Amino acid sequence: MQLVFLGKFGELAPKGLASPTLPDDVRTLADLKDWIAGQAPVLGKAMALTTTRVAVNRALVHDLSRPVRADDEIAFLPPMSGG
Amino acid sequence: MQLVFLGKFGELAPKGLASPTLPDDVRTLADLKDWIAGQAPVLGKAMALTTTRVAVNRALVHDLSRPVRADDEIAFLPPMSGG
Amino acid sequence: MDIRITAAPFDPHAECAAFAADRADAGALVSFVGLCRQETAGRAVTGLTIDHYEGFTQTQIADLAADVARRYRVPDLLVIHRIGPILPGEAIVLVAALSTHRGAAFEAVQVLMDYLKTDAPLWKKETGPDGARWVEPRQDDRLRRAALENQA
Amino acid sequence: MDIRITAAPFDPHAECAAFAADRADAGALVSFVGLCRQETAGRAVTGLTIDHYEGFTQTQIADLAADVARRYRVPDLLVIHRIGPILPGEAIVLVAALSTHRGAAFEAVQVLMDYLKTDAPLWKKETGPDGARWVEPRQDDRLRRAALENQA
């Protein structure tokens, strides 16, 4: 599994989180967010305090009960500020 | 007095109308319009059938009871189509 | 504010570039270019000729622009309008606005274009294979103009 | 439709010129250029850095543009967006639309800009004398976006 942290999340994410080894009880995207907050509390707090969008394999996913798979690339996106 | 006919009015106006010799009873802009219609009926009809704006000495004038003076430049403007 | 009428073809993109050059204080540039089309409403167009009133057209357009600049607080406006004969593909008009934020710049350019369509002393004649015809203001331009009047 | 993200500076005026070249079928070109300002809300800005998500940002922007093209019937859209480090005065974004008439082109460019502000996967960081800060979406951009959602 690959994790991608964009924008300000990228600055707060410890390097080691990019290719994490997850415990068996991390089954869904919601579980993964909780696990990240435990591993990197500052990042977890930033993600909780703002609107965080999640993309799985480069498609936005709104249902965080979606199971995570070993070959997923999962990205966490803070509020966008293009243009 | 100079008369200026813009846009399609310019094509309908006889040359001689540019520097007219007006009879004494043409005292106002309204009189002038009537006199033009008598001199050049096709032009007069075109001016009557559309919204004709009048500029005196390069300023729009809305009150056609304004007197005309020998040194005026009076322009007749059909609906504008710029842009 | 830079308001010009010109009988010579102009490059609207080069003019925009010059207008925005060295303006790192402005965040937004909105521009509109009206191009001479090769057909309109199904009729082929071989060219346009725009009549103007010397000594009046430029000042009237400057007045319209000043009004829009004041109303939308966008002082940095550029208007270039062709007069005389114009070929298909050539620019007829360029309106551009520089502003700190985009909302005001969009509004200023749009409203100024609305005014130019109905209130700039310019008269457009289209030439095609069947001859020439003077262009009447479009119904939707007149309605837009009336709506502006009600807001003002 | 031409949708690009680029790490290299680009000339928005030259891009507009290329976009509109040989398009005598189109009567209206509307364009918006967002420029890197030298100050924002009273703070000096020495530069911007825009983060993106490789393989995702471009396709998302293309989806937003396709949606706007379909909704406003303006298929001819150009979007160029910078990523990476940007200096004051440089163009950040260009959005342009070619159309037969101006109303649809104005709407398409404005709405696409609204979407880019809130829905394009790009993250802007401003650098100034006091350090760097990530830019949060402006309140008025969020409201504009919500209004679009209600229309859709």
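Each chain carries a letter (A, B, C and D) given by its place in the written order, and its residues are counted from 1.
Please note the rule applied: a contact is a pair of C-beta atoms (placed from the backbone, for glycine too) under 8 Å apart; a residue touches a chain by one contact, two chains touch by 3 or more.
Owing to the predicted nature of the structure, the values given are computational and were not obtained by experimental measurement.
Touching chain A and chain C together: D. Counting hops only between chains that touch, chain B reaches chain C in a minimum of 1.
Once the centre of each chain is set as its mean CA position, chain B and chain D turn out to be 50 Å apart. Each chain gets one centre point, the mean of its Cα atoms, and the points for chain A and chain D are 27 Å apart. Between chain C and chain D the centroid-to-centroid distance comes to 23 Å (mean Cα coordinates, whole Å).
In this assembly, the C-alpha centroid of chain A lies 75 Å from the C-alpha centroid of chain B. Those residues of chain C in touch with two or more other chains are numbered 34, 113.
Among all residues of chain B, none touch two or more other chains. Only residues 11-14, 16-17, 20, 22-40, 88-89, 100, 102-103, 106, 109-110, 113, 140 of chain D touch chain C when the two sit together in their complex.
By the touch criterion stated above, chain A contacts chain D in their complex at residues 4, 6-8, 10, 55, 58, 75, 77-83.
Listing the residues of chain C that touch chain B in their complex gives 34, 50-53, 55-56, 59, 81, 92-93, 113, 116-125, 134-137.
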